[in-house]
Amino acid sequence: MNFSDILTMRHELMLTLLALVVLIIDLNLHNRNKHLIIPVTLVLFFLHTVVGFLPAEKSILFGGMYRTNSLLVMMKNILNIGVLIILLQSVTWLKKEENREKISEYFVLLFSTLIGMDFMISSGDFLMFYLGLELATIPVAALAAYTHHNTKSAEAGIKLLLSSALSSGILLFGISLIYGSTGSIYYDTVMDMYQNSPMQVMAFIFFFTGMAFKISLVPFHLWTADVYEGAPINVTSYLSVISKGAAAFILIIVMFTVFNKLAPVYNHILYLISVLTMTIGNLFALRQKNMKRFLAFSSIAQAGFILLGILGGNVLGMTSVIYFVLVYIFSNLGAFGVVSAIQTVTGKESMDDYDGLYATNPKLSLLMMLALFSLAGIPPVAGFFGKFFLFASAASAGYYWLVFIAVLNATVSLYYYLLVVKAMFINKNETPLAYFKSDLATRTGLILSGLGIFILGFWSQIYEVINSLSFGIIH
Amino acid sequence: MIQNIPLSYYLVISTLMFFIGIYGFLTRRNLITMLMSVELILNSVNINFVAFNRYLYPQQLQGHFFMLIVIAVAAAEAAVAIAIIINIYRNFKSIDVENVDEMKY
Amino acid sequence: MSILNLFIIIPILTVVGIVLTKDLKQSRLVSAIGMGVQMLLSFVLVYLYLRERATGNTAAMLFTYDALWFPTLNIHYSLGVDGISVAMIALTGIVVFAGIFASWKVTYLPREFFISLIILASGVFGFFISVDLFTMFLFYELAVIPMYLLIGIWGSGPKEYSAMKLTLMLMAGSAMLMVGILGIYFFSSPDHSHLTFNLLEISKIRIPIEMQRFLFPFTFVGFGILGALFPFHTWSPDGHASAPTAVSMLHAGVLMKLGGYGAFRVAIFLMPEAAHEQAWIFLILTSISVVYGAFSAAVQNDLKYINAYSSVSHCGLVLFAVLMMNQTAMNGAIVQMISHGLMTALFFALIGMIYGRTHTRIIQEMGGLMKVIPFLGVVYVIAGLASLGLPGFSGFVAEMIIFTGAFQHVDVFHRVITIVAASSIVITAVYILRVVGLLLMGPIKNDHFLHLDDAKWYERISTITLVLAITAIGVAPFWLTNMINFSLAPIVEKLSAIQITSLF
Amino acid sequence: MLNQVMFFLFGAMIVIFSLLTVTSRKILRAAVFLLFVLISTAGLYFALNYNFLAAVQLTVYAGGIVVLIIFSILLTSHVSERAVMAPFKQSLLSALATVAGATLTLMTILQFTFVPNAAADPHFNITDVGNALVSYNRDGYALPFEVVSVLLLAAMIGAIVVAKKEKMLKK
Amino acid sequence: MADYTYTLLIPLIPLFMFLLLGLTGHKMKPVISGLIGTSGLGIAAILAYATAIKYFWTAHVAGTPYVSIKAFEVSWLHLTEKLTIHLGVLIDPISVMMLVVITTVSLMVHIYSIGYMKGDPGFYRFFSFLSLFSFSMLGLVLATNIFQMYIFWELVGVSSFLLIGYYYEKPSAVAASKKAFIVTRFADLGFLIGILMLSFNTGTFDFQTLTDPHGPAIASLGGAAFMGMSVLTWSMIFIFVGGAGKSAMFPFHIWLPDAMEGPTPVSALIHAATMVVAGVYLVARLFPVYALAAPDALHVVAWVGGFSSIFAAVIACTQTDIKRVLAFSTMSQIGYMMLSLGVSGFGGEEGLGFMASNFHLFTHAMFKALLFLGAGAVIHAVHSNEIKDMGNLRKYLPITHITFLIACLTIAGIPPFSGFFSKDEILVAAFHSNKILFAIEYIVAGLTAFYMFRLYYGIFWGKKTHYHHTPHESPLVMTIPLMILTFGSVFAGFLPFHDMVTADGKGFESHIDWMIAIPSVLIGVIGIAIATVMYKNETAIPDKIAGTFKHLYKWAHRKFYMDEVYLFVTRKIIFRYISDPIAWFDRHIIDGTMNGIAGMTVYAAYAVKGLQSGKLQQYAFVFVGGTVILVLIFVYLV
C-alpha cells in the first residue's frame, strides 16, 4: 500500500477530512459566526467534487475489501454532484435561526453518510458493504430527526432508524447464511461459490429485502413516505435522491457480480417487485396533497422502473440504470429544490398552496414543470431518455409485457405530475404565494438541476461514457 | 467439543432467536423494547457468524470479525435510536409506538 | 446540412424570439413571421423535392441528414423526406400558419400560448421529417404534451378534465407504441448484431413473423389512438371541445395525422405480414369508426363535438384506407389526411371565430348567421361542402381515391366493407347540412347576433389560406397524388410481395 | 459432555430469555432478560473457544448497550410501569408470520448441508486476532476498523444533535 | 372528323361567370351582375347551337351513323394502373341534344330571372348560382367517363341545394334544400357503388369503351353472379339508383315537391327541364350496357318509370299548390321517359324507346320550362302558390294565359303540339314491349290532361277571386322567354329525332302509329273535358268526387304519405334509433369505460390507502410478511 493507493480512495478520505475540518472550524468559531461554516464547506465540497473527477485507475485495496475503477468513481461523482446541489439548496434553510447551532453537525452527518455510500459502492466484501450501509443510514436517521421542535421530524427519525434496523437485521441474517454456505464474505469468492440451492436463494432474498428497503421497493417501502414527509426538506431530498441512487448503484453491482448466477431466479423476483412497486407507488401518489409525501411516492414508483434495467441484465441495462439514476437525481432535485425553496421561505408544502404559482413565481413553476416532466419521462427533457433506455434494456431481454405495464404506469404517473402542473399553471387562486427571491446558493442549485434536466438527454456523450464503463452481468 | 454438537443446533437457536426478535419488534409497543428486539436479532446473526466461522471455516476469522463489527454498529445504532427516543419522549410525552403515527396514508 | 434541419431550427428560433418579446402584439408578430417562414419553407421544400425528382433521383428519401446520436443503441438523428412526408409537411405548414392567425387575439399569457403552440408544431414537423424511430417517437411525445397546457390553460368548458383525458389516453397510446418500437428495434437485424432504429434499414429485413404478430397490434393501436381509432377515440370529442381554437386546428388538423402516418410508416411498412394477417380486425374497427363517428356527429349540438366526431369518421377512413394496403387506397389515405387536416382546421377556425362572437357553440341557440356574418357563413358552407365530399374540394378527391382503391381489393370482404365505409358519405351530408341549416340559415334567433362583426383581416388570412389549399387540392389533385404515388410505389411493392390469402 | 451440557444450558437460556424479553410486561425486567440472553450468548462463544468475542460480547453488549438501554428506560418510564401490550389481533398475526417465517427458514437451513472447509481446528490466540485487525491484506480488517470509528463518531454527533436541548437557541 | 375542341368553352364560360359573380358580385349593381350572367349563358347557348348544327347537319355525312367524338380529354386523377379519372368533352347525339336543351332553357331562365328576381338582395348570388348550375349540368352531359359524370353529378346536386335554399331565412326552404340534397345523396351512394362495381369488373370508366357493343367491357361481363343476377346487372341497378334519385323516381321522389321552395325560375331550370332528367340521361348514356348486357336492370328501369309516372299523376290531381302540381307532373313525365328507355331494345326499330325517351326529354324540357315560367309569372302577379288564391286571371295576364294554355295542350298530347309526337313514340314503344306498362301510360296520359287543365282552369278561369292588388302582366323581360319557349313547344315535335338520336347512332324510319295515337289523343281530350266540366266554373263536383273517394283522395293529397315515411326514416330511424343510441353509447359506454378505468384507479388508490397506516409495527409486519412470502414463492413454489 502506497500513496497512489491512497489516492484511489480519495473520495472517502477527502470526505472524512472534510468532515473533520468542518468540525474543527466549528469548534473555533464564535457562536455568532457559525454561518461562516456554510460558504467554507460549500467551497471545500465543490473542490472535493472537482477532485473526484480526476482520472482513476482500477485497483483493489485491503486484500479485496475495497475495489475501485472508473465506473465506481463515476458513481461516486454522480452522488457528489447531487450532494453539491443539495448543499446549495439547503443554504437558506441552514441559515434560519433555529438551525444556527447545528450547521456543522448537518454537514458532518451528511458527509459521513456519503462516506458510507462511497464505501458501499467500493465494497469488495459484505463486511464493508454492511458497514457502509449502516454508515449511510444511521446518520441520516439523526438528520431526519434534525428539527427538534417538530414532532414529525422525530417521528421520521425513529421510523427510519427502527425500520432500517429491522431490515439490516434481516439483511445480516442473509449475509450470515451466505457466509455459511460459501465460506467467505468476499465478493469474488462468493461469486465463485454460489449455487442456487434453496438455502442460498433464501439467503439472497433476505439480503435483497435489505436492499429493497434502501431503494424503497414495495412491500419494503412503507417507511419512505412518512420519513420523507417528516424529515427536513433537504434531508428528504437527500434521502430520495442520494440514498436511493447509491442503493440502486450498489444493487446493480451486487446483482450483476456477486449474485450473477442467480439471475434466472432473481429476474422473477424483480419482475414481480417491479410491477408491484410501480403500481403501488403510483396508486399512493395519486391522492397525495403534501408535496413531500407526493414526491416520496413518486420516487417509490421510479424505483420500480430502475428494476427494469436490472432485469435487462446486460451492458445496456447497467448503463441505463446508472444513466437513469443520474437523470433521476437531477430531476428530483429540481422538484425538491423548488419545494424546498418554497417551504423554507413560506412554510407551505401542500399542493393546494401551489395554485396559481406561475403568476407569481414563473421561474420556479417552470423548473418544477420541467422536473416533473422529466420524472414522467416526457421529451425533450432528460427523463424521457432515461426511461426509454430502461425500457429498451428490459425489452432487450424480452420483457415486452413488463415494458408495457411500466409505460402504462408512467402514464398514470403523468396524471399526478400533471396535477401539480395544473395547480401551478391552471388553477386559479385569489392569494397565490407571494413572489420571493431565493438567495444565490439556492438559485445556483436550482439552475444546476434545471441545466441537468435539459442537457443530460441531448448530450449523448454522457450516456456513452457510462456505457463504455459498464459491464453487465458477469458470466 | 464441536464434534459433539452439530452446527445445526446453533443454527436452530440463532434462527429461533432471530424470529423471537422479530416477533418482539412486531408486538412490543414501547420503542425501547423494540430496540431491544433489534438487539436480539443482531445477536442471533452474531451467533450465526461465529458458529459458521468456528465450524466450517476456522482457518480464517471472517465471521469472527463480522461479529465484532456488528456489535459496534449495534452500539452506534442504539445510541442514535435512544437519542431519538428521548427526543420523542420530549415531544410526545410517551414512547409508545402507537402514538408515533402522525403521518400516514 | 440538409434543408430539413431548418424545420427544427426555425421553431426553436421563433420560441427564443417569443421569449424575448414583451406583449401580445410582439409575440404574435414573431410567431406569425416564424411560422410564415416555416410555411414558405415547406412550399420551398415541395418545390425542391419535385425538382429533385425531376432530375431522376429515385432514392427513397431525399435531403437526408444523418448524425449519430447515441452510438450504443445506434440511435441517429436522421432526417429525410419522401413525397408523403413532403405533403404532410406542407399541410402542417399551412395549418400552423393559419392557426397563428386564428389565435391573434389571445390575451391571457400570450407568450406562453404561442410558445406552446410552436413547440407542438415543431413536434409535428419533427415527426414527419424523422427517419429514425427513436426521434420519431420523441417528436411524437413532444407534440402531445404541450396539448395539456394549451387546453388546460387556454381552453374552455371542462378543460381540465378534457386536457387530462386527452393527454393520458394519448400517452397510453404511446405506451403501446413504446413496446412496438422497442420490439421492432430488437428484431431489426436478423442476427441481432446491427440493431437499428432506421426505418429504411429495418424495412429491408423481415421481422420474424411471431414477433410481428405480437408487435403489430401494439404499434398499430398505439398510433391508432392518436388517429381516433374506435373505441379509443373518446379523448377527441372532449379534447377538441375544450381546446382553444388554434389548438383544435392543430390537433385535429395535423396531430391526429401523426397517427395515420405512423400506422402506415411504421406499423404496416415494417410489419407487412402481420398487417396482412390482422388487417381484418382493424378494418372492422375502422369502418365502425367511419360510420359510427358520422352517426354520432348527427345528433351533437355543440359545434366542436360535431366536428370532433366528424374527425373520428374521417380519420377512421384514413386508417381504413391504409389497411387496404394497395397503392391507390394508401394514396387516398394520405390525401385524406391532408384533406381532412385542412378542412377540419378550417372548421375549427370558423367555430372559434363564431364562438368568439356569439359566445355559444350550441347550434340550437344560433341561426341565420349567414345574414350577419356572410363571410364566415360562406366559408363555413364551403368547409361543410368540402367535408361532405363535394367535387372541387379536397375531400372528394380523397374519398374517391380511397373508395376506388379499396374496392379494387381482390377479396370480397374488403369490397363489402368498402361499401359500408362509403355509406358514411350520406350521413356526413346529413350532419353537415343539419349544422349549416341550423347555424347559418333560418331566422336569426337572438337579437344580439344582429350586431356581430364579420371576419377581421387576420381571420380572413387564416380562413382564406385554408380554403385556397382545400380548393387547390380539389381542383388539381394530380400533382399531389403523383408525388405521393412515386414514393408509395416501393412501399406497396414490398407489401404486395407478400402472399395474400383470402379470408373467406 | 460438559460442552454439551453447557451448550444446551446456554441454548435453552437464550431461547427462554429471548421469549421473556419480548413478552415481559415490565420493561425493566425485559431489559434484564435481554442481559441474560446476551450473557448466555457470550457463554456460547466461550464454548466455541472464541474467548475474545465472549469478552467483547460481555463488555460492549451486555455492559454497554444494555446499560444504555436501562438508563433510557429509567429516563422515559417508571420502574413499576407495566408495558402496554399489543392487541390480540396484532400479536396473533405477528406470531403467525413469525412462526411461518421460522418454520420456513429452519426447514430451508436444515436441509442444506454445510461443508466444512477444513477438518483441522487451528488455534487462534489473541495476537492473531490483533494482527488480523490491523492487517490490510486479505483477511485483514484495518479498513472496517477505521470505518467503524467514523461510524461511531457520526453516531455520536447524530445522537448529540438529536438529543441536545434547544436552550442554546433560546439564549 | 370535325374539331369540336371549342365545345370546352360551353361549360367553362358559366364557370367563369360563377367565379366572377361569386367573388366580385357583391360590389356590382344587381342589374349588371344579371346581365353578365345572362350574356355568359348567351354565348354558351350560341356555341351549343353551333355545335348542334355542325354535328347533326353540316359535319355529318348523311346516311352514316352518328359517331361519338372525344373532343377533348385530360387526365385528372390517376387512380390505379387501369383506372384514371379523365376530364373531357364527349360529343355524340344525346350530349349535343342536351347541350341545346340546357343552354336554351338556362338562357331563358336567366333572362326571365332578371325580371323575376328584381329587387332581391341576393341578386348576384342568384345569378352566380345559376351559372354554377349551368356549368355543372353542362359538364355532366359532356362527360367522357362515368366518373366525370359522377363529379358533375355531385356538383349539380349542390347547385340544386344552393338554389332551393336560396331563401335561406325561410325555414321551409332550408328544410327543402336539405331534404333534396340528402335524398339525392343517398341515391348517389348507389351510383357510387355502381361505379365501383362496374369499374372493378371492367377496369374502365370510359363511356366509349363501356358502351362499345363489341368492346371488351360488354363482352366480358355477365360472368360472376350474385343472388341470381350477374354482378354487372347489380352494378347497373345501383347506377340506376343514382339516376332515380336525381330524376325523382319513386321512392326517391320526395325531395322534388319540396324543392319548389326555391325561386320559380330555378324550378323551371333545374327541377323541370335539366337536372331531373339527368337520371334519364345517365341511363341513356349507358344504354348499350343496359340493353346488351343487363336486361334485368333495364326491366327495373321500366317498371320504376311506369310506376312513378302513374303514382305522380294521381297525386298531381289532388295538389293545390300550382308548383307542386307541376312538380308531380314532372315526375310523371320523367317516369314516361324512364319507362320508354326501359322498354327499348338496342338497334334500329328496336331502339324506338330510346329515341322516344330522348325526344320526350327534349320536348318536355321546352313545355315544362314554359309551364314553370308561366306559373312563375302568375305567382309573381298574385304572390301566392295556392290555386285557391287565384282564378279568373286570363284577362289580367293575357300573354301568360295563352302560353300556358299552349303548354297545357302540349303536355296533354294534343296534336300538332310537340308533346303529341314524343308521347306517341313512347306509347308505341311500350305497346310493342309490355302491355301492362302500355295500359298504365294510357291512364297517365288521361290523368295528365286532367290535372293540367284542372290547374289551367283553376288559375285562369274558375271563381272570381278578389285581389288586393290588381294583378298585372309581367314585364317583357319575363314574357319574351315565355314566347320563345312556346315557340319551341309548338314546333319541337317536328324535329326528325329518329334520324338523329338513336341508340346505335343509325337513323331509322318512324311513323305515327295512328292506332295508338288516336286513342291517346281521345283520352287526352276526355281528360280535358272532365277538367272543363269540373273546374271551368266554380262547381261543387270536385268536392263531391273528393268526398266519394275520400280515402283515395286523402291518400293522394297527402302524397301517399311518402313524406311521413321519409320523416320516419330520418327522424326516427336515423336520429332516434341509430344516432341517439350511438351517441349515448359513445358517451356512456365507451367514454364511461375510459372514465371507469380512471375511476377504478382512483378507487384502488383509496382502497390501498390503509397499507400506509402510519404504524411502524404494521410496516414491519408487511416487511417481514413480504420477505416470508418471497421466500415461500421463490424457494418452494417456483
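Should a chain be cited, it is by its letter among A, B, C, D and E, assigned in written order, with residues numbered from 1 in that chain.
Just so it is clear, a residue touches a chain if its C-beta (ideal position, glycine included) is under 8 Å from a C-beta of that chain, and two chains touch if they have at least 3 such contacts.
Here the structure is a predicted model, which means the values were calculated and not measured.
Peer 1: Which chains are shared contacts of subunit A and subunit C?
Peer 2: Shared contacts of subunit A and subunit C: E.
Peer 1: Would you pick out the chains that touch subunit B and also touch subunit D?
Peer 2: A, E
Peer 1: Of the chains shown, whose Cα mean is nearest the mean of all protein Cα atoms?
Peer 2: Answer by centroid distance: C.
Peer 1: Between C-E and B-E, which chain pair is linked by the larger number of C-beta contacts?
Peer 2: C-E
Peer 1: Where the centre means the average of the CA atoms, what chain is farthest from subunit D?
Peer 2: Result for max centroid distance from subunit D is chain E.
Peer 1: Between subunit B and subunit E, what is the gap in Å from one C-alpha centre to the other?
Peer 2: The answer is 96 Å.
Peer 1: Just give me the whole-number Å value for how far the CA centre of subunit A lies from that of subunit D.
Peer 2: The separation of the two C-alpha centroids amounts to 30 Å.
Peer 1: Report the inter-centroid distance (CA atoms only) between subunit A and subunit E in whole Å.
Peer 2: 77
Peer 1: Need the CA-centroid distance for the pair subunit A / subunit B, whole Å please.
Peer 2: Here the centre of subunit B sits 27 Å away from the centre of subunit A.
Peer 1: Two or more other chains touching the same residue: where does that happen in subunit E?
Peer 2: 609, 612, 614, 616-617, 620-621, 624-625, 627, 631, 635-636 - these are the residues of subunit E that touch more than one other chain.
Peer 1: If you look at subunit B, which of its residues touch at least two other chains?
Peer 2: 18, 21-22, 25-27, 34-35, 52, 56-57, 60, 62, 65, 69, 73, 76-77, 80, 83-85, 87, 98, 100-104
Peer 1: When you check subunit A against every other chain, which residues touch at least two of them?
Peer 2: 127, 131, 134, 138-139, 141-142, 145, 148, 154, 157-159, 162, 166, 170, 177, 180, 183, 198, 202, 225-226, 412
Peer 1: Okay, what are all the chain pairs that touch?
Peer 2: Here the touching pairs of chains are A-B, A-C, A-D, A-E, B-D, B-E, C-E, D-E.
Peer 1: Under the touch definition given earlier, write down the residues of subunit D that touch subunit E in their complex.
Peer 2: Checking each residue of subunit D against subunit E gives 86, 90, 93-94, 97-98, 100-101, 104-105, 108.
Peer 1: Give every residue of subunit A touching subunit E within the complex, in rising order.
Peer 2: Residue positions touching the partner: 158-159, 162-163, 166-167, 170, 198, 201-202, 205-206, 208-209, 213, 219-220, 222-223, 225-226, 265, 268-269, 272, 280, 283-284, 286-287, 412.
Peer 1: Quick one: which bits of subunit C touch subunit E in the complex? Just the residue numbers, please.
Peer 2: Against subunit E, subunit C makes touches at 165, 168-169, 231, 233-235, 237-238, 292, 295-296, 298-300, 309, 327-328, 368, 370-371, 385, 388-392, 396-397, 400-401, 403-405, 407-408, 415, 418-419, 422-423, 425-427, 429-430, 433-434, 437, 440-443, 477-478, 481-482, 485.
Peer 1: In the complex of these two chains, what residues of subunit D are touching subunit B?
Peer 2: Touching subunit B: residues 1, 3-4, 7, 11, 14-15, 18-19, 21-23, 27, 30-31, 34, 37-38, 41, 44-45, 47-50, 53, 56-57, 60-61, 64-65, 68-69, 72-73, 75-77, 83-86, 90-91, 94-95, 97-99, 101-102, 105-106, 109-110, 114-118, 120-122, 124, 128-129, 132-133, 139, 141, 144, 148, 151-152, 154-156, 158-160, 162-163 of subunit D.
Peer 1: Could you pull out which subunit B residues touch subunit E in their complex?
Peer 2: By the definition above, subunit B touches subunit E via 22, 25-27, 34, 97-98, 100-105.
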